[in-house]
Amino acid sequence: MTDSAHMVLMVATVLFGLGLIGVLTRKNVVFMLISVEIMLNAAGLAFVAAGSKWQQPDGQVMFLFILAMAAAEVSVGLALVLQIYHQHKTMDVEDLKELRD
Amino acid sequence: MNQLLAYIPAFPLIGFLILSLFGRKLPKPVIATIGAGTVCIAAIITIVLGVSFLQTPPAGGAFHQLLWSWFKVGKLSIDISLQVDALTLVFIFIITFVGALIHIYSTFFMWHDGDYARFFASMNLFVCAMLLLVMADNLVLLYLGWEGVGLCSYLLIGFWYEVPSNCRAANKAFLITRIGDTALLIGLFLLFRELGTLNIQGILQQAPAHFTTGSANIVLITILLMIGGMGKSAQMPLQTWLPDAMAGPSPVSALIHAATMVTAGVYLIARMHGLFQLSPVTMTIVAIIGACTLLVAGCSALAQTDIKRILAYSTISQIGYMFLALGVGAWSAAIFHFFTHAFFKALLFLAAGVVIEALHHEHNIFMMGGLRKRMPIVFVTFLAGAAALSALPLVSAGFFSKDAILWYSWSAANGNVFLWLMALAGAFITALYSTRLMLVVFWGEPKTPVHEAPAQGMIIPLIVLAFFSVTAGFIEWPHNMMHLTLFSDHVQKVLPETIMKAYLPSEWFFQAIAALVTGAGIYLGYTMYYGKAGVRWQQSPGLASTREFLFSGWKFDQLYNFIFVKPFLFLTRINKSDVIDRMYNGIAQGSLRLSNWFSVSQNGSLRLYIVGVLAGILFIITLQLLL
Amino acid sequence: MILVLMIGILLLGGIACWLVAQRSAMAARYVALIAVIMAFVIPLGWFIQNKPAITGANKWLVQYQANWIPAFGISFHLAMDGLSFLLIQLTFLLGVLAVLCSWNEIRERSGFYFFNLLWTLAGIAGVFVAMDLFLFYFFWEVMLVPMYFLIAIWGDFNRRYAAYKFFIFTQTGGLLMLLAILALYFIHGQQTGNYTFDYFALLNTTLGGATGRWIMLGFLIAFVIKLPMVPLHNWLPDAHSEAPTAGSLILAGLLLKTGAYGILRFVLPLFPQASAAIAWWAMLLGVVGIVYGALLAFAQTDLKRLIAYTSVSHMGFVLLGAFAFNEIALQGVVMQLLTHGVSTGALFVMAGMLKERLHTRDINQMGGLWTAMPQMGGLALVFVMASLGLPLLGNFIAEFLILMGSFPVNPVLTVIASVGLVLAALYSLRIAQKVFMGQLQVVSERPADLSAREWIIMACLTAAIICLGLYPQPVFDLVKGAFFVTGYQLPVAGVSN
Amino acid sequence: MVLAMAAVVVILLIAFRASHTVIQVTGFVMMCGVVLAMWFVRDTLPREIPPLLVVDGMAALFTGLIIFSVLVVGLLSYIYFEEREENPKEYYILLFLATLGSAILTISRHFVSFFIGLELLSVSLYALIAYLRNRNNAVEAGVKYLVLAALSSAFLLFGMALIYMETGSMEFTAIAKALDAGGASVLFIMGLGLIVVAIGFKLALVPFHLWAADVYQGAPAPVTAFIATVSKIGVFAVLVRFALAIHLQQNTLAVTIFTVIAIACMIVGNVLALMQQNVKRLLAYSSIAHFGYLLVAFLSGNAGVGAGVFYLLAYSITLLAAFGIITLLSTRRRDADELSGYRGLFWRSPLMAAIFTVALFSLAGIPLTAGFPAKFFILTAGVQQHMWLLAVVLVLTSVMGLFYYLRIISTLFAAPPITPLKERTLHPFFYFATTASLVVLMVLLGYLGVYPSFIVENVREFLLIH
């Protein structure tokens, strides 16, 4: 049981890493958001794995919360992305450099 | 009588206070009355005191008056308290009496000056400070007077402050004497550390028991005191300020830079004789310094053209005699020379002042000439002074005092043939330059018109001083002639007797040689400077470099300029903006630069920020793995 | 209670000035003047009335204690002994003069100006009487802020730079001192179980070895920055030269004294061993300060800067004397505090007066002013002479005693310090020569001599310096109590060589 | 305390439909109600709501602090938005939601509530920051904050998951028990590290601080004030609770990490601020430094909590006063964030300049202001635990900090430029009320600076309630 939990954790870690790489490499805001979503889901997966390891529902409860929160985040995020596109006609974060020293 | 002491310095002090506070508003006659009057009163009190002292000597040989306790800290207890013993009496007599004469002279001499009150205020303050110096019963009070006279000297040299060179002269005088003063101060510290007191009587009583003769401490102490004296008395190598100090008005030169202040060093050494006796090395050094100074300054006097500078160098030279006398242990001879010197040198300066005044402030002796006829009284008095200066045998005060010094420089236990020879050479030179001075100024063709006759009030002090210049010596005759010892009997109540060599040649012999040498000097001067000859010597090209060397006072100024002044100025100039400040500015600059570097990270790029977060994680994880 | 009253009057007076100035600037001046005079008179009157005997049993003239932050053992504890009394009197004397010399100089925003002035004075007075280390630190900082404003708002051309420098330097020291205070607090608390900032309690702390030395250094750095000691002196010339006249007067006359006071009151009694251990170095730095300050003073052409560097030089004597650890030197130090306050203050006041008339601080543009202003020339000479240590004036007594006291402890350094006296003559005479002597420079109008108000200021200072020079004994008697009665053990000297 | 939560919810309900003024007034009244309630329920503390929440003295303190800050922020928001004639209704909902999130953080003792509180706070903040979407680069700030915050949430969650995996519990005390039993495994420590990242991000600790300046600059002034105070207080509260529960301060590794972070914060924050010309950015950098100081208190464990609370109190009041001034001076078009705009403020409006000056002095830790005892207590805590390195760095960097605070102050007092005064179009009553409240803040700063004893005693009393 614990072994499989660890396996899942491993998968989650890989997923998390992939998301991180995505955030780092992508310049498009939408893709970055998606990558962050992946990372959040990876965390959720890890929770589920942990919950299963300890035979508790807590992990899955947490996953639900994560989902809800991710949804909220994405909605706000997309709204902002729209605004950006509206104002800057671009989705490239590298163009968002007006706030700086 | 004790209660009288305080009044002596108090009157000049009152004069100073009135003049300095209200001087500008008072009419000149009032100022003159106050300025000269207070000193005259002090002189009268002094004479009363002196008479009483001579008639009924006080118990313990000194009058005492405690005014108030100045400060008392720990073991150190200093009073403002006065003391007059035989030695002091001589000094206060000169200070007040000669001082009074010079003040009277000044009331006329300075009449046309705008700053009449300031002059008398400073002069009164000087008299007060000088009196405190000699009347002090402890060394701190002495130091107060010591610095006080320095201040007044500074003020009076720079009296005509609009001329920058006068200010420079004043500064120079103050600074060089300050070097000596500082040495004196350190000497005081050392004395206090060793003896735990600064009371003069206390020191003199304890010293023999505390110090072994010639031990390091006593040598050090006496050398420091000696340097102090050298600064004030313009002895080598601290002599360079005195010729420049002639920038002050002539009465100032007469009072401060001839009669009184410059002899403070002599007073100090004589006063602390108990210490110096414990340190034969220092005594020898004092003698050598005196001998060297008298020669060097005498030679310099030969080449001067400014009448006051000649007298200034002559003063240095004469004080050199006093130092020589002190050095060989001829205490009373030194004081006696001070006594006579005060009269004749003050006289010479005052007379020079009259001459200068009469000739439209002409200082150059070669622009004078022929004054014998036109200013006969001045001529006669000047002659008396010059005779005393060149120690014309039997008819001048200078002879009696200088002859004693010559005699002791050989015959005293500390004396030797070299000192005697140097003193003798000095006597020759003195006679030479005195003659030169007389001949160039009073004989020959008139070169500058005399514009006014000196006021009567200026002539009277001259006559009085001339009288004393001739007669002051009569109170002390050599052993082989009459053996009159009024003066030395008096001062030897305080000062020890001179220790003589065991085997002595005849004193007549020495006197004869001295007289001969003086005569030779006068004769040589006569041949060189009588008539047109003087100008020739003055212009002969072969001697130009020597003359220039002597004229500049043996290049001491240039030397000091090179060794001290230039490096000092250089040092201060390069460090004007404070190197250490650079360090702090560097820190500030560094921080600002750091700030600029850091703010590169704030370039607004979201991706960079993410990298930042990642770097943080990596850092934390690395730390975790490491530990 | 009089202590609280005295500080309170200043604080309230400051606020009153600010408020009143909305209506009339003149009223603000009078309010300020009255407040400071009251603060001056209160302790003096109390002293004269009670004539407290400073004996072994009664070292502290008056005490006041109230709870402040009991959780940390902090109390509002004020006390005054002879030393504090003298310094407080000096503070208010100079305070009165500072108000007077700002009378016409400050034309803009005078309400806020006097507010700052009075609060600075309150802070300084507080420093001199605070007997709780936290409270001490509190006042220590309180005096800085208004001073900062005085410099930064009413200063000269380069005021911002000077104000920063002043504030940052002193703050650095202050915070290090705070650290040291805390360390002391905890060490004492651990030793006795009684966590308190009270001075008297902390006096009983035993500190050994390295700890003691570090803590002592924390205090010392704060104090020597204020003093200032070379090489931590750099804030001083800028601050002094840029500040308005009253600001310079207070800086030179009082603020520097807080540093010296700190050394006397805290460093020596709290850390006898540690102080003894570094005594040689402290004396050395003192001597370096004397010489270095004098050299720099000589080089300056800005009159106020020149005077500022003379302070560096004079304060070197304080350091030298304080670490000589004997009565003579320490009495000299106290005397130096008083006389330097008066004499340098006077020089700054004069520099201010000159600036008001000539609109320059450059001594090369002055000269011959004696002709135009004989009264000022005469008075200036008094203080120039005081600055070079002429006997008869107070400074001589101070420097003489300091040197006298430190000579047996360390002859070599004392001799070098004495050389400083020659240098003092150099720079002091330079002031007199450059400013007052020589030909009167051509200026558009002949500068006027002292006005009545200026006469009062200068006369007070002159009288003070001469009194201190001729009859200093009362000062010594007052201070004696502060040093050599219970609880104050002088560090054992003899580390030198 | 349940009452407190209810109150917040009620406000939200009311907020749905009401005019601006009404919201404002109701909000104000309710908040006061909450504060009063807290005062009265003090005796019933601590009250636990297992397993998620615990309301003890510390929570009460932090919540009080939050409510207090929100009160002021609300007040500031009123004039800010009134002037801009934007529709502020949703703004208040978001504001109160965020407050709620922050309040939950203070009382949470479980990962779930921790997470919920944090996300409630974050999501509201995304919107708040970008609320005025047409100006001041608010959207850019919003996006930056959103992406980074989401990222940090991901780290937080993953870290939580790891810890859960290791300990089998998400409750702080249970985690501590498991930890005591089994010791810290690699995964646990990893998880801890990831949580630190998330918290570090929220508190803008170095090196997770890069967003701070941009967001502070981009967000509307009241929101910036909110971020600087409320959100940080909440996160700091949960950090303290979590750390105390698992005895973080006894773990050398954690202590090392936090020490390094603290030092980095103090240095980087202060250095960055040195040359900054934008007041809002400058305050951002200064807040980085201040949380560095705060970490010193945090690191000294139990003893530091009181100091920390006091510090946060002083810091909040100070910052609120500062942002209040910025808000008051802001114009319709842009926030008053250029330093040059403050030139000679003292001579134009002395009161505001005085408030600002006092606030800046408080930030610099100068006596007579609250910042002084605050810094003093922190130093006390540090010295007590013999953290000499931190203490010395704190001292030296404070000196550096002094420079830029003085820079602003001397600008305030410099000779004013010749520009006409800004026209005031606002409702005078609210303008007056705002100014008055700022004056109250200033007085509070002074009061705390001179007589901190009252607060210190109360904080101690509260902290004793477990």
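When the chains are written out, they are named A, B, C and D in that same order, and each has its own residue count from 1.
Going forward, a residue touches a chain if its C-beta (ideal position, glycine included) is under 8 Å from a C-beta of that chain, and two chains touch if they have at least 3 such contacts.
The shown structure was predicted, so the numbers you read here are calculated from the model rather than taken from an experiment.
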>> When I count C-beta pairs in contact, which pair ends up with more: A-B or C-D?
In response: C-D
>> Using Cα averages as centroids, what's the distance between chain A and chain C in whole Å?
In response: 64
> How many angstrom between the C-alpha centroids of chain B and chain A?
Replying inline: 96
>> Centroid from C-alpha atoms only, then distance chain C to chain D, rounded to Å. What do you get?
In response: 42
> Just curious, how far off is chain D from chain B if you go by their C-alpha centres, in Å?
Replying inline: 77
> Can you list the chain D residues in contact with two or more other chains?
Replying inline: 143-144, 147, 151, 213-214, 272, 276, 403
> For chain A, which residues are shared contacts with two or more other chains?
Replying inline: 23, 93, 96, 98-101
> Where in chain C do residues touch two or more other chains at once?
Replying inline: none
>> Can you give me every chain pair that touches, using the contact definition above?
In response: A-B, A-D, B-C, B-D, C-D
> Which of the residues in chain D end up touching chain A in this complex?
Replying inline: 111-112, 115-116, 119, 122-123, 126-127, 130, 133, 137, 139-144, 146-147, 150-151, 153-154, 157-158, 160-162, 164-165, 168, 170, 213-215, 217-218, 272, 276, 281
> In their shared complex, at which residues does chain B touch chain A?
Replying inline: 599-600, 602-607, 610-611, 614
>> Can you tell me which positions in chain C touch chain D when the two form their complex?
In response: 67-72, 109, 134, 137-138, 141-142, 144-145, 148-149, 152-153, 160, 163-164, 167-168, 171-172, 175-176, 178-179, 182-183, 185-186
>> Considering only the defined contacts, which chain A positions touch chain D in the complex?
In response: 5, 9, 12, 16, 19, 23, 29, 32-33, 36, 39-40, 42-44, 46-47, 49-51, 53-54, 56, 58-59, 61-62, 65-66, 69, 72-73, 76-77, 80-81, 83-84, 87, 93, 96, 98-101
> Contact residues on chain D for chain B in the complex?
Replying inline: 143-144, 147-148, 151-152, 155, 186, 189-190, 193-194, 196-197, 200-201, 206-211, 213-214, 252-253, 256-257, 260, 268, 271-276, 400, 403
